[in-house]
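Both complexes shown next keep subunit A, but they swap its partner, so subunit B is in the first and subunit C is in the second.
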Partner chain A sequence: MKTRIQSLLMLACGFALGFSGQTNAAKTTKIVIDGSTTVGPIAKAFAGYAMEKNPDVNITVSESGSGNGAKALINGACDIADMSRFMKPNEFEAAVAKGVLPVAHVVAIDGIAIIVHPSNPMAAITLDQIRDIYMGKATNWKQVSGPDKQIVVIGRDTSSGTYETFESLVMRGEKVVSGAENVGSNGQMRQRVQTTDGAIGYVGLGFIDRSVKPLKVDGIAPDMGEVATGRYPIARPLYMFTNGYPKLGTPLHAFVTLYLTPKGQEIIESIGFVPVTRY
Partner chain B sequence: MSRAPTHNLAAARGRSLLRSKRANRLQHLASLAGHGILFAITSSSALAVLFIFWFILKDALPFFQLRGVREFFASTAWYPVAEPPQFGSLAIFVGSGLVTAGAIVVAVPLGIGAAVCLSDILPFAARQWVKPVIEILAAIPSVAFGFFALVVLAPMLQDRGGQMLAIGAWLVGAPVAALVIFVASDLLSARLPARRRLVGRLAIVGGLGGVACWGLANTAAALDAIEIPSGTNALNVSLILGLMALPTVVSVSEDALQSVGRELREGAYALGSTRAETLLRVVIPAAGSGICAAVILGVMRAVGETMVVWMASGNAAQIPSPWYNLLQPVRTLTATIAGEMGEADHVTGSARYHVLFAMALCLLTISYACNWISEHAVRRASRKLR
Partner chain C sequence: MQLATRKLLDRTFTGVGLLAVGLVAVALVAMLGPIITRGLGAFVFQETIEHRRFLLERFGRGDRSEIEAEWAEAQVAREAIHGRITQFESELRKLDWDQRQQYAGPLRDLKDVLHELLGPFPDEPKPVMPRDQYGPTRWDRAQVALEHVLFIEEYDYSDPTQMGKKVLIPRANQFIGTSLAPLFGELETNLDKMLLPRRTFYWRFLFDESVDAHLFGGIWPEVLGTLYLTLGAIVFAVPMGVISAIYLVEYARPESRLVGLLRTCISTLAGVPSIVFGLFGLAFFINTVHVSQSKSVLAGSLTLAILILPLIIRASEEAIRAVPATYKEAALSLGAGRWRTVVTVLLPAALPGILTGIVISMGRAAGETAPIIFTAAVSVGQPLALWEAFSQPSPALPWNIYNLCTEHEAVDAIRHVQYGMVFALLALVLMLNGLAIVLRARIAKRLRG
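Presenting the complex of A and B:
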């Protein structure tokens, strides 16, 4: 009996040693990313590229919303917070109080496209008309020189960064009508608009595909060129926040500067956002 | 468990079968320890409930201190991020109530009907097969229901909503009308002299049937003309929630019907009742409290469901106009908590964060009340049957 226990103990020790030896040899760096569902695709594509280039880096990307990303960074639960809006003053205060110094990296620019069902004959709309529709002043498409059809107004829930950008760039302090439907993500928005005849909605530029129809806003089409030059009226920068500027040469530093490289630019363009640099 | 063989062994070795004092004491201690551990486990789950209640209460009260009670319960202006923010939740309470009521309308007749069929009409062997199949409904994850509601049911309601409503009216109306006409003709023709009874009965059936068909056709035509602009609305969610509450209602009310003893049924048959009379006058009233408990459990399932309503109710914080209009999008308490949690600052502890706990507190209170009522009903039922 005793000998058996001894041998078991030795075996366990052996395992423990073996495992610790393994982890020591690998020296894996872990990068945890959390935050906006809009920035999430960029972070995921960057993570795929970074892990392929450097197998010792292990990157996990979650998408729980800009606010949750900020919270996670403040609480030390992540290394990078993806955010589709800038950090709010109270978030900064909370961060500084916890000894976290947020540094913003603008990784790309995102245009918010106004989308309608493909069967809708409208091709252009003005910012004022969009505001009227979301305020509930215009309830039929013919009020904004469209067909005679009831407008189904679809917005994003107040916890999304896309909502906040829309609110500040389009609504400008006016309230969204209480009868507006709310959805939880860009993908769900596209799904709702592509299946609803009278619908109007808004998504990030990267989520436009053939199933929905983007409208020109104030005469300018939501495409990469117009957003990059700043002519398209509903556009915003996308951020990654780190705690202080990362130590030069670390995998984290390489990751948050990836957007400056031609490869990073290519990745950002391939998922439908507009790069900050033009090579 | 291991003691019995040891004892046999002890007996075989010629020792006394009586336990020694030491063993006795040991056993006493062991049983004490066992009781203690079991008590700790049981009380820990009770304590968990108390802790949850305490923590929700702790975060809910600051909201009422910050904003007062009146705005929360009386206003319909839900603008948590506006400047200044408004936290009127009346529309959200109405939304929760509306989809729950819709779910009851779907689940209760279907559920009780299925339970009666399972317990008193289907042969035993069939019941053994059908009941587990219904209970599988409860095992489908709610996100799957939500996905179905969003991707299949919502576009269907938009494209063919009027037709679906019209078909629904026929499906519900025709059997009800047939039953009413049958009973009415029976009652009315009984008053006629025997000679003309058959002719009279046929005339009554024909007349009433014509009226019913005309009424149903008109209703169906009116419904058919309705265009549903958006398929993510209260009706969609009500249908799905009703489906989700169905297994609970069926299972619990079937148990209640089963627990009505054989002797009651046999007594009723012996007095000359038909099967319908036995069911309607004896079995269902006797199982009434149990069925009531089943309905309340179904209600709790519908009130607390989050994923489906978050995906398919439209989440518009408005009271539909008119208030019973199920074809408009609504917003529920659970969906609001789920949707707003992401941006509500617990770091700064704003009213926007605490309002969600105030909603959670209301939900907890509602489900506690429901639970208490159903417990009460079940207790009354078991007492009555004994």
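Presenting the complex of A and C:
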């Protein structure tokens, strides 16, 4: 019996060693990124690029929402907090109380596109109409000069930075109707809208694809050009927050300044966001 | 009761029982069928030359000269397409402004969808993102991309009071009478020569790192993360669980109120929703005890360990209790102490039951999502070496299945990866359960013999 148990243990150890043998040499540094699901694609793409250039770094990205990203940074649980909104005063206070000094890096500009199912004949909408729909004043598309179809309102959870931006730029203090269905990420939002005829939702620019139809807002289409010039009304910067400015020459510094390089800008454009500087 | 009625009742019960078993079987097939067939699609599929190129350039695998020859062949086949685009562009320059404007938009769209079908054109600089560097790696994705080149998906909004109806308009309609018109027919007939699809068994899907957020490569970081988390949970939970069970059965006074309370607590622990464990893990292990600075496999393992602890305690308790009292009495009568009796008689006899409990809880730990969201799991990361697992987070199968289904920016393009992950997770849990059955049978046989 003893030998059996010993051999089992040996087997387990062997497995463990075998697993680690499969991986490459130890990564000397790690960068832990947490936060916004909107900034997620940028962070993931940057991570892929940075790890290809510098295989000694292990960069992990999680997408749990801007609010959770901020909390993780405050608790020292991540190196970079992706955020699709600026930090709030109380978050700053909490951070400073814990000795964390958040520094913002604006990595890209994003517009929040109002999306509907492609079969919806609406092509344009006004900010007031969006507000009416999200307040629950308009419940049928025909009330906003659309087809006779019940509106299915899709919103975001409160940890979302996209939600906060939408709240301040579109709702302007009005409350979102309680019947709205809240989802946890941009990807989920798109999936809900692409599978529901009467749905309306909002996502970052990088999440628009063939399966949903972005509406013009106040006559302006949500595309890179209009967002870059500031004409599109629901636009916001996307941030990466670090604790203090990262030490020069570190992988962390290289990572948060990647957006300034031509390669970084190409990545951002390729994903569908607007680079901060356009050459 | 009359005999006839009794028989009737008996038969009815048998019938209902059979029906229930049948329904379960149907449900199982309906669920497992797609999981297995689609999951295998991640391993066995028609790979295009783009996939072979990717494997060669990224992982240095494959016969270089052969792939280069194939690539040259594919390039020759694509030349006609690229040639037509270049020719059309030079023709456009000769046209006047209005006509040029008429074609500018459609041409831009056409080039976009062609990029999706064939990757970058030969005269273009190499893009930074792998997703832009290669065309579709799978023939089924290539078919979808071809559909997008050949047809424009539009909606008929002729009645503004109703929802539109989907109509497919051939893209060729936009280029009638131009030199681009034959391009679409050529694409349709020659696509296989441009992409050279070939059936492949990509078993390394399990062992390859993912590239460009799962759009390419395999799922090794996830598989490894799951194995670490599961083994870690077992390492922490088994000693604690088995020792608690021994205490509860052998040492604690059964009539004691404290023990009763303890038992109730353990049962309650087993019923706590797993997300609560996740939040507890975040609040306790990471934010309070600081077992690691950030999320880490260690914190996740500890959280999972608490989750499976009641399962292990219960299973071990039952197993120890099931050992016939005569064993214990014999040992005690021979003068063995309590501890010696437990270690040399009770534990070995209870081992099959304990092991089964352990392996079943391993399956549970491998499949749990909620406890690791806040404590261990990330969307992308590299496979970790064993010592790195103490301080670093890792992707893990259950969480990444969810992440790919809901949060990923290109969900539809990577369905096969999702199915592959589900298949891998299922296979892992099935293997663990199989192991439990075999172990149990072997040990039980040994004890009897």
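We take it that the second predicted complex is superposed on the first by the 252 of 279 C-alpha atoms of A that agree within 3 Å, B and C clash if a C-alpha of one lies under 4 Å from a C-alpha of the other, contacts with A are read in each partner's own complex, and residues count from 1 in each chain.
The rule is short, and it goes like this: a residue touches a chain if its C-beta (ideal position, glycine included) is under 8 Å from a C-beta of that chain, and two chains touch if they have at least 3 such contacts.
As the structure is a prediction and not an experimental result, all values here were calculated from the model.
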Fit or clash between subunit C and subunit B when superposed on subunit A: clash
First, second, both or neither for A:74, with subunit B first and subunit C second: first
First, second, both or neither for A:41, with subunit B first and subunit C second: second
First, second, both or neither for A:103, with subunit B first and subunit C second: neither
Contacts of A:94 with subunit B and subunit C, given as first, second, both or neither: first
Touched partner set for A:121, first subunit B, second subunit C, both or neither: second
Touching partner for A:167 - first (subunit B), second (subunit C), both, neither: first
Touched partner set for A:195, first subunit B, second subunit C, both or neither: first
First, second, both or neither for A:184, with subunit B first and subunit C second: both
Greater subunit A contact set [subunit C / subunit B]: C
Footprint overlap on subunit A, comparing subunit B with subunit C: 64, 184, 188, 191, 197-198
Footprint of subunit A on subunit B - complex, ascending: 76-83, 91, 150-151, 154-155, 158, 229-232, 310-311, 314-318, 328-329, 331, 339-348
Subunit A - residues contacting subunit B, complex: 64-68, 71, 74, 90-91, 93-94, 150, 152, 157-160, 164, 167, 173, 175, 178-184, 188, 191-192, 195-199
Residues of subunit A defined as touching subunit C within the complex: 1, 12, 15-17, 19-20, 22-23, 25-27, 30, 32, 34, 37, 40-41, 44-45, 47-49, 51, 58-64, 72, 75-79, 117-121, 142, 146-149, 184-188, 190-191, 197-198, 206-207, 209-211, 263, 266-267, 270-271
In the complex with subunit A, residue positions of subunit C that touch it: 127-132, 148, 153, 155, 157, 159-166, 207, 211-213, 220, 224, 227-228, 231, 286-287, 293-295, 348, 351, 373-374, 377-388, 391-395, 403, 406-412, 446
